[in-house]
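Letters A, B and C mark the chains in the order given here, with residues in each chain numbered from 1 onward.
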Amino acid sequence: TQQSGAELDCASVAVGAPVVPMGSAVTASCTIRRERCRGLEDGQPLISWLLDSEPMAGRQRRGVGGTEVSELRVPQLNRPQAKLWCCVEWNGTKQRVGVAEIRAGYPPGKPSNLSCLLDLGDYGLTCRWQQGADGHLPTNIMLKCATSRSPAVTGCTPQNGHSQCTVPRRLLQLYRPMELWVTATNALGTAESERLRIDPMDVAKLDPPTLQSIRSMPPQTDCVTLTWTMTPRNAHMELRCELRYRAPEDPSWGVLTGIAGHAGTVQHCKFLFGTLYHFQMRCRRDLARGYWSEWSVSRNYTTHEKAP
Amino acid sequence: APLAELSGDHDFQLFLHKNLEFTRKIRGDVAALQRAVCDTFQLCTEEELQLVQPDPHLVQAPLDQCHKRGFQAEVCFTQIRAGLHAYHDSLGAVLRLLPNHTTLVETLQLDAANLSSNIQQQMEDLGLDTVTLPAEQRSPPPTFSGPFQQQVGGFFILANFQRFLETAYRALRHLTR
Amino acid sequence: TQQSGAELDCASVAVGAPVVPMGSAVTASCTIRRERCRGLEDGQPLISWLLDSEPMAGRQRRGVGGTEVSELRVPQLNRPQAKLWCCVEWNGTKQRVGVAEIRAGYPPGKPSNLSCLLDLGDYGLTCRWQQGADGHLPTNIMLKCATSRSPAVTGCTPQNGHSQCTVPRRLLQLYRPMELWVTATNALGTAESERLRIDPMDVAKLDPPTLQSIRSMPPQTDCVTLTWTMTPRNAHMELRCELRYRAPEDPSWGVLTGIAGHAGTVQHCKFLFGTLYHFQMRCRRDLARGYWSEWSVSRNYTTHEKAP
């Protein structure tokens, strides 16, 4: 039993458990010390209860030390939060002399769909997930991460109810697998997501490449040569890129895969003569088949007419 | 010159009208905090809390010299200042009770201190004896035996402060022309 | 003389004054300790000067302890900022061995047009002023404020070069006069604005009132009755308001002044029948003739036709 209000007060209210599974019973007792209640004359105080504003009757009996005690059983608590007021009839009014906060809910649902992305700007690892079913109780959500060899568990806490947070660089171990998972804890239990085992670098989000120049090369043929570069901060990575091209009337994109390196030129032929094409390129780390970068800004180019 | 004679003095009348407005502002802020206690803890009317009223000397702020019968302006002003000083300290208990209203409570404490120093400076301008209440000499806010007692304590600090301000307001208005 | 460069260095440059009034002379001396200059062989080092990139000749002499000293006098420094380089000829090149930063400018101009406005949201007092003439020197600008009885001077510092800043509520004393003024200080002096003596409440910026309803009352007469209210946060103030009204073809507004209170109704007659009028209202504190609020949002109303 959890005592609320010291023994010196007019009344003290104790509840069986402050948090119960939704729909289950709540028991409470209210002990009145007549001499501590200002103005309560002799005679037997009549104790009653309010569940928020709903009157409830308890079973009243004489308690130890001249106290009066009322025992209450709420058969089914069906709202997430309620106030249980202990009252005493006095001068024709219902006086509130004690209160206890009670809650009903469910154990937290299991978080799912955990995925993470490494920002190559500040090397923060941002993870997102889907919240489990709402337990209607104050719930503590945390993303936890552990490096393979050390027992220390760190991570981050989502702010203002978002289902994402960012593990700062100083807690990460790069180029080695780490374990990440989400925990949700409330008064009725804890739930954990599946564990994600990844090397943060394998989920790095690359910057899109930049298409520098596009020329018909050799001139007046169906061949085109493009030059492209990557941002310096991706320069240390071995990349695998792909180029897509398309004339406005084409139903879909043509794709040229397997382009390696950080910058360079790409030549491709069999383009239509004198036709306007849109070109875009994207890259990803060759090592881990991680996330593709966004497509580069589109570049347009009209191929040469056929040599006469 | 006795205070009554000065009542016609323009500066004194301007002081009164300004600080009547100031008192109305403070009363409005106290009412806002009373609504917050009602909304948050469902403690809304004194009639329901007679049996658990905290000890009478929760805040020492007598205003007996401000009532019409034995109205003694100089002593009344001093009693108002002492009461503002006491309520400034006891509002610390409301600060703990309503963490989401910290700015409003701190503004209320600032206003109570300002109103007290406005009255002090006006008394000095009128050549009346004034007691300097050292700003640093603060008494700690009252403490309570449990969460319910803290909520009831906060409720009565605000209710009593509102009553105190009503009496002070009537005293100041009594001096206006 | 202000020494710049420790005694252990190859050279130390000292200037008479690092900051001088624009156009006045600057004196400097450069002391060379040959043994501290790497690779400087024996024989007498030839010292020369650069004012930024302009060569200048000094008077060279033997100094104490085997040092060589060159004294320079720049007759007129006409630029706000310059670098004075001490150089030594070495292997046919001019080696920079020491430098001093010198500045020229004016004492700060006097700030003017100081005005303040109290925000009834956070009760911050925002003051604006006109900067004095630019002294071309690093200048420290501060708004200062003092309450009538306490010696403590507080205030605020404008950010990123703006000529305004906000004194927070906790530094203000409401309903009593305070003194406010602006100081500008640089290496050549200090200037102070006029002192503003105001009660912060007297420069409160009120919210505009809201016109609630407009009706022809009594019906089919040339009289109109309007109801209006103020925002709750101005409710404790005694206000003086004015109403203006105007038919589209009217050359100017009709104005009804002296409306008192926080909310209420206003009746006015002699309107044209069956005519569309625009109505607006504004208020200010009755006590201090402070700032008027903005005009309320305009409300349109077409008066009744005349009774047959």
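Following the convention adopted for this analysis, a residue touches a chain if its C-beta (ideal position, glycine included) is under 8 Å from a C-beta of that chain, and two chains touch if they have at least 3 such contacts.
Quantities reported herein were computed from a predicted structural model and do not represent experimental measurements.
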Topology of the chain contact graph, where touching chains are joined (line, ring, star, complete, other): line
Chain closest to the assembly centre - both centres taken as Cα means: C
Fitting subunit A to subunit C on CA atoms, where both chains share a sequence, rotation angle to nearest 5 degrees: 175
Chain centre separation in whole Å, for subunit B relative to subunit A (CA means): 47
Mean-CA-position distance for subunit C and subunit A (Å): 45
Inter-chain centre distance, subunit B versus subunit C - centres from mean C-alpha coordinates, in Å: 38
Touching two or more other chains - residue numbers and ranges from subunit B: none
Of all residues in subunit C, those that touch subunit B in their complex: 123, 148-149, 169-170, 173-176, 199, 201, 232, 235-238, 287
Interface residues, subunit B side, partner subunit A - complex: 41-43, 47-53, 145-149, 151
Contacting residues of subunit A [partner subunit B, same complex]: 4-6, 8-13, 37-40, 52, 83, 85, 88, 90-91, 93-99
Residue numbers on subunit B that touch subunit C, as the complex places them: 14, 17-19, 21-22, 24-25, 27-28, 106-107, 110-111, 114-115, 117-118, 121, 124
